[in-house]
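By written order: A, B, C and D. Residues from 1 in each chain.
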Amino acid sequence: MTVTFLILAGVTIVGMAAAMSLRNLVHCVLSLTLGLVGLAGLFLELDAQFVGFTQILVYVGAVAILAMFAVMMTRGAAQQQESRPTSVRISGVLIAGGVFLVLAWAMCHGLMTLGAPVQPEAEVKQIGVALMRSYVLPLEVIGLLLTAALIGAGVIAMEEKRGAR
Amino acid sequence: MSGFPWISVLTLVPIAGAIVVLAVGAASHTVVRRTALGFSLIALALTLLLWYGFHPEANGYQYQEMHPWISMLNANYHVGIDGLGLLMLLLSAIVTPIGMLASRQVERQVSLYFALMLLLQACLFGTFTALSFIHWFIFWEMGLIPAFFLVRLWGGPKSAKAAMQFLVYTMVGSITMLMSFLAIFLATRSFDFVDIGRMAQSGRLMPEIVARLGWHLLTPEHTAMVIFAGVFLGFAVKVPVIPFHTWLPLTYTEAPTGTTILLTGAMSKMGLYGFLRILLPCFGVQMQHVLTPLLWLAVATIVLSAYTAWAQTDLKRMFAYSSINHLGYCILAIFAVAKFTGTDAGLMSQKFAAMDGVFLQMFNHGLTAATLFWFIAMLEKRSGGVRGLNDFGGLRRVMPVFTGLMGIALFSSLGLPGLNGFIGEFLIFKGSFPLVTWATALSVLGLLITAIFILGILQRVFYGALPEVWAQLPDLTVGERLSLVPVIGLMFVLGLYPQLVLGVVNHTAMQMALTLRNF
Amino acid sequence: MNWIVRNLWLIPMLPMVAAGIIAVTKRKGRMLAASLAIGSMSLSFLLSVWAFAHVVLLRNQGQIDLQVWNFRWFQFGNEWVSLGWILNPLTAVMVVMVTFVGLLIFIYSIGYMAHDENFTRFFGFLALFAAAMLGLIVANSLLLLFMCWEIVGLTSYLLIGFWYSNPRAAAASKKAFLTTRIGDLPFFLGIVWLYSKSGTLLFYNGGTGCLEPMSLEHLVAQRTTIGMCVATGIALLIFCGAVGKSGQFPLHVWLPDAMEGPTPVSALIHAATMVAAGVFLVARVYPLMSAHALVHGAVSTSAALQVVTWVGSITALFGALIAVAQYDIKRILAYSTISQLGYMMMGLGVGGVSVGMFHLITHAFFKSLLFLGAGSVIHGCSGEQDIRRMGGLGKLMPFTFATYAVGMLALCGFPLFFSGFWSKDEILHAAHVWDLSQIPFYMGAFAALLTAFYMARQMYYVFAGSTRLEVGEAHGDGANATAGMEHEHGPVPHESPAVMTVPLMTLAGCTLLLGFLGTPAWPWFQSFLEDTRLRVDFGAFAREGMFPVMISSSLIVFLGLGLGWWFYGREPVDAADAPDHLGRRVPAIFAVLGHAFYMDALYDKTFVRANIAFSRISTWLDRWVWNGAVQIVRYGTLAFAHMDSFIDNHVVNGAFDEGCEGVSRSGQILAKLQTGRVQSYLKVIGVALIVFTALLLWRANA
Amino acid sequence: MNPLTGYVFLSALLFAVGLAGALTRRNAMLVLIGIELMLNAANLNFIAFWRYGPHPEALTGVMFVIFSIGVAAAEAAVGLSIILAVYRHSKTTNLDEMDSLKG
C-alpha cells in the first residue's frame, strides 16, 4: 500500500466522482480526463506500462476528445438539463452502493492471501509476440470491430437529410 | 373353399341394410319394417348358405380371409369361422328377425331404430367371425353403440339409467380386457387369437409376458393372473357371471323388447364366445389355478339367479334372471372343462360332452330366450305395456293358442325333454358331473328353481280366474302364428334331432377340448 | 329281428301322432279328437298284444326273450348317444296293461268329460300321456326313459291343471310337477353318474349295456368317497326319482292334491300308470338295484333294495293311516294308492321284480276300477266328492255299486277270488321270509288291516244308508266338469251312462280273473317275468309258511272289514255334518290323520318357506350386495369424479385463472416497469446483480 | 491489507461510481461516460489480478484489457454518434424523453 497508490487512487476517484456528479458537461468531461489519467497512472504503478500508455492514448487522447466534441455539438440540449427528482437519485445511489457493498464483500471473502508478488515482465515485445501469436484472431476481430464502429459511427452521425430519404 | 369373401359380404349386408333403411326413412313405417326385415332375412339366407357349405369334419377355420391391415401393430384383417362361429352366426341371424318382428310397438324414429338393429347385427357378425384381436375388439365395442342407443332412445322410463349402466359396466370390462391384451401384444407382438392360443398351449405365453413386461412387484404367476383377471372380467360382465351381472336386469327390463331379444339372444353369447375362443385356449392354466373360486361363481350364478328370478314380479325381469341362470350352466361346463389336462380318454369324453353341451345350450338359450321375450312383446302390445306377473290371470281362457305356444317356449326354457333345452343341459351335466362333481350336484338346484318360477308364471298368468280387464284380449293373429311356427318348430326339431346342430359343431368342440390337453 | 321288435316304437308313436293331430284340431272337433285318441290307443293295444304274444311264444319256445333294437341319436366327441327299445316280459306285461286300462279309461272319458268345453284338449293330453307312458315302458335307454318320464310329468301337470280356472287345480298341478321334479333331479344326477361310470345308458346292448353283468361288476367294484359302492349310490339316486313319481313317503304330498284333476286322469295317471312308473323304474333297473348282491353272490339284500323296502313299507303304513280319516272320496283313494305303491316297493325290495310287478298290475286294474267308480259316483252326484254328503247310492247306482264293491274287495285283499288278495299276499309272504327284519311284514300287515277298514268305512258312507246329498249344491272340484250335467240329469243321484259303466264292468271282470295268473299254485306271472319253470303245484301253499301267512292275512282282512262294520255299518251315518264315528272316539289321532300328519304344513313351514326365504335373500343379495358393491364402486368413481371436477374447477382451473390473472396483472406491473427508460432497466440489472451475488456468496458461506 | 485488496476495492468503488452516474444522470452523454467508467473499473481489476495473480507471465489480464480498451473505444465512438443522431432527431439528449421502448 504505497503512497503513490493512494495519491493515484485519490486522483482517480475524485476525477471520476466529479465527472459523474458535476452539472456542467464540459466540467464533467474534463474531470473524466483527470480520472482517466489517474487510472493510467495506476496501470503504470502496476507495471503494465503498455496498458497505461494505451489508456492515455485511447481514453485521454481519443475518447475524452470525442466526448468533448459531442458535448459541444449537443450544447443546445445541455441547457435543458435540470435536476432529477431526489427519489431517482437516491435509488440510483443506493443501488450503486449496494453493488459496491456486494462486490466488496465478495472481494473480502474471495481473495486468497497471495504469496510474494513476483515482478512480471510485461515488455511490449512480449505483448506484441503474444498478440501476433496466441491472440491473433481476437486482434483481427477487434480490428474488424473498430473498422465497423468507425464506419457505423460515421453513418449514424451523418446528416439526417441524407440518411432519411 | 372359394375365394369369395363370404364373411365380409355377410357382415356388410346388415350395414348396407342400415343405410338403405335410413335412406327410406321418410317412407311409411311398414315399408321401413319390411325393408329391415328383408335385409335380416337376406343375412339369414347367407348364413344358411355358409352352413350348407361348411365342412364339419375339417380342422381349423373355414371361409378365411386375411389381409394385412395395421402393419405397425402386426394386426390383420383376419376372419374365419369354425363350428362355434358358424353356430353363433346362425343364432344372430335367427334372433335378429325375431327382434324385428317383436318391435311392433316402436313408433318413433322407426327407420333409425331398425338401422341400429341392423348395425347391431353387423357387429355381432363381426365379433363372431373376427380372428384378430383388434378387429374383434372393434366390433365388440362397436356393438355397444347401437345397443346403447336402442336402450336409451326407445326404452322404458328408466332407460337413461339402464343404458348408462349397461354402457359403463360393459365398457369397464372391455377396458380391463383391452389392457390385458395390450400386455399380451407387447409380449408377443401378435393380436391373432390362433397364434396367442398356440403360444399359450405350448407354455410360452406367460413366460414371455413376464420376461418382456417384467412387473417386478409381481411374481410371474401373479402377473399372469392379473392379465387373466382383466380378460375374465371383460367376458364375465358380458355373459354375465354373478356378481358382475347387475347391469343386466335393469337393461333387459328397460330396453324395448325387440332389443332385449337381441341382447339376450345374441349379445350375451358374445361373452361366452369370448370364454370359449379366448379364455379357454389362452388362459387354461390360470383358470386351473383359481378353479375353485370360479366354480363357486358358476354355482352362485346358477343358483342365485334362479332364486332371484323366482322373487321377481316383472316378467321381463324374471326372464332376465333366467337368462343369467341358463348361461350359468355354460359357464359351469367351461370351468369344468378347464379342470383337467392330459389325454385320459375317459376325461376327454366328458369334456367333449360338456363342450358340445355348451354349444347347444348357447344356441338353445338364444332361441328360447328370444322367443320368450317375443311372447312378452306380443303380450305387452295387447295389454298396453302391462307385464307384471300379478297383473294377469286365466289368460288361457281368452288366448289359448298364445298360452299353448308360450307354454312350449316356457317348457323349453325349463329343460323339458323333447324340446331344445334338454339336450344341452343333459350334455353339460353329463360332462361336468364327473369332472366337478359337487359343483354340478349343487347346480341341479338351479333346475328345480327354474321349474318353480316357470310354473309360477304359468300358474299366475295363464291359470286361475280371468280378471274382467283382460276379458277381451285377442288371441294370436294368423300372421303371428305363422311367424312363430318356424321358431317353435325349430325347438321341437332340435329337441328331437340335436344331431342337426351337433353334427356341425361336434368337431369344433372336440378341437377346443383337445387344445386344452397340451397345457 | 322280429317285425314287432323293430317297430315297437309304433306303440308310443301312434298316440303321439294322435296327440299331434289333436293339438292342431279346433275346439269343435270333439268326435275327431276322441276317435283319434281311442283309435290310436286301440291300435297300440293290438300291437301290445302282438308283442306280448311274441314274448310268450318265445318263452314257450325256450328262446331268449330279451330283444332290443337300438339306434344312434346324436353324437358328442367320438361317441354316439344311442337310444332304443326293448321287448322283454316286463315290457310286454306293462304295455298290455297300460294300453288296455288306458283304452278303457279313454272310452270312459267320453262319458265323463262329455260336457266339458275343452273336451278336445283333454283327449290330446291323454293321448300325449299315453304316448309318453308307453315310450317310458319300451325304452331301452335310461335317457329315453327319463325323457318320457319328464313328458309324463308334463302331461300329469297339464291334466291335473286341466280345469285351469280353478286356482286349487292350478296350485295342485304345480305342486305335483315340482314335487316329482325334486325326485327327478337326483334321478337326473344318477343318470349322469351312471353314464360317466358305465359309458352307456342303454339297458341292454348285447353285453355292453349298463344293466348287463360286465357293467355291473365294474360299478360294484368302485367305491365312492364315503365308502358306498358306486352301484348303490347310483341306484339310490335313481330310486329318488321313483320316490317322487310314485308318491313314496317323503314326496307323497302331491298325489292327494293331484285329485283336483278330472277323475279319469286320476284313474289313469294317478292310480294305474304314471305313479306306477316309479315302481316300474325300480323293476327295470332291478339288476342295478340288486347289483351288490348279484355280483358278490351274497344272500343278503343289497343296500339299495333295503332302502326300497323300508321306504315302501313306511309309505304303505303311512298312506293307509291317513286314508282312514279322509272325507273326500278321491283323496281316500289317493292315500290308498300311496299305500299300495308302498306295498309294491316293499314287494320289489323283499321279493323281487315279479312280486312287486304282480301287485302293480292287479292294482292298476282294481284301483282304476275304484277311481272310475268314484268318478261315476261323483258324476252321479253332480260333482259332490265329500263322502259325508253321499249315502244310499247302492240302490240308485247298482252297476257302479257292484263294480265298486269288486274293486274294494280286491283292494282289501279279500281271499281267494280277488286279485288283490293274491298279489298282496305274495308281498306279505315275501316280507315274512325276508331275512333282515320282520318289521316290514308287520307294517304291511297292519296296513292291510287299515286298508280293509277304511274301504269298509268308505263303502258304508257312500253306498249304505240314506242319501244325504244336498240337492242343487255342487261342491268340490268336479264342479267345473259337471257344471253342465245338471241340466240333463237333474240333481238326483243317478246311474252313469253305458259308456262309463261298461269300462267299469270290464275292469271288474279283469280284477276278478287276474289274480289267478299269479297264485302260488300256478305262478304263471312270476315265472313269465323271472323266467322260471312253470308248473301247477298246490304244494306251494305249504312251503315256507305260505299257508299261515294266507290265513293270517285273510283274518286281518276280515278283522278290518269287521271293524269297519262295527264303526260305520252298525248304525248308519245319518247326517252330513255328523261327526265321524271313529273321530268321536279318538279325536286327537283322527285330527292328526285327517291332516295327513301335517306333512303339507310341515313342508310349507320348512322347505317352501326356506326356499322363499332364500329367494328373498338372493334378491336382497342382488339388490344390496352385488348391486351395492357396484354402487359403491360407482359412488366411489363419482366421488372421485366430483373431487376431480372440484380440483379442476377450483384448483387447476383456479390456478390457471389465477395464473392468467397473475400474468396479466404482473404484465401490467411489468408494463409499468417497462418504462422504456434505459436507466430503470439498468437499475433492475443492478438490483439483480446485488441479489444474485449476495445469494451466491451466502450460499458459498453456508 | 495487501496491495491487491486496495486495487480491488478501488475498482469496486470506481464501478459503483460509474454505476451511480449511469443510474442517476439524465444526460445520455454522462450515462455513456458512466459506462466507460465501469469498463475502466473492470480493466483495473484485470490488471491488478494479472499483477498479483499466480501466473503473471501468461499476460492474460493485459491482453484482456487491451482488447477491452479497443472495444470501449469502438463503443464510445458508436455511442456518441448515436447520441448525436438522436439529438439531431429530437433536439434532446435527455434520457427521460427517449422512452420509445416503453411497453
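Just so we're on the same page, contacts are C-beta pairs under 8 Å (C-beta built on N, C-alpha and C of every residue); 3 or more make two chains touch, one makes a residue touch a chain.
Just so it is clear, the structure is predicted and the values come from calculations on it, not from any experiment.
Relative to the centroid of all protein Cα atoms, the closest per-chain Cα centroid is that of B.
The geometric centre of chain A is 5 Å away from that of chain D, both derived from CA atoms.
Each chain gets one centre point, the mean of its Cα atoms, and the points for chain A and chain B are 94 Å apart. For this pair, chain B with chain C, the centres built from the Cα atoms lie 34 Å apart.
Chain geometry summary: the mean Cα position of chain C and that of chain D are 118 Å apart.
Touching of two or more other chains is recorded for residues 91-92, 95-96, 99, 103 of chain A. The set of chain B residues touching two or more other chains is empty.
Touching two or more other chains at once are residues 679, 683, 686 of chain C. The list of touching chain pairs reads A-C, A-D, B-C, C-D.
Those residues of chain C lying in contact with chain D across their complex are 670-671, 674-679, 682-683, 686. Across the complex, chain D meets chain A through its residues 1-10, 12-21, 23-27, 29-30, 32-34, 36-37, 40, 43-44, 47-48, 50-54, 56-57, 59, 62-63, 65-67, 69-78, 80-85, 87-89, 91-94, 96. Per the touch definition, chain C reaches chain B in the complex via residues 23, 27, 73-79, 143, 146-148, 150-151, 154, 157, 161, 164-167, 169-171, 173-174, 177-178, 181-182, 185-186, 188-189, 192-193, 195-196, 199, 611, 614-619, 621-622, 625-627, 629-630. Residues of chain B touching chain C in their complex: 169, 242-243, 245-246, 249, 303-305, 307-308, 310-312, 348-353, 355-357, 394, 396-397, 400, 404, 411, 416-418, 422-423, 426-427, 429-430, 433-434, 440-441, 444-445, 447-449, 451-452, 455-456, 458-459, 462-466, 497-499, 502-503, 506, 509-510, 513.
Those residues of chain C that touch chain A in the shared complex are 679, 683, 686-687, 689-690, 693-694, 697, 700-701.
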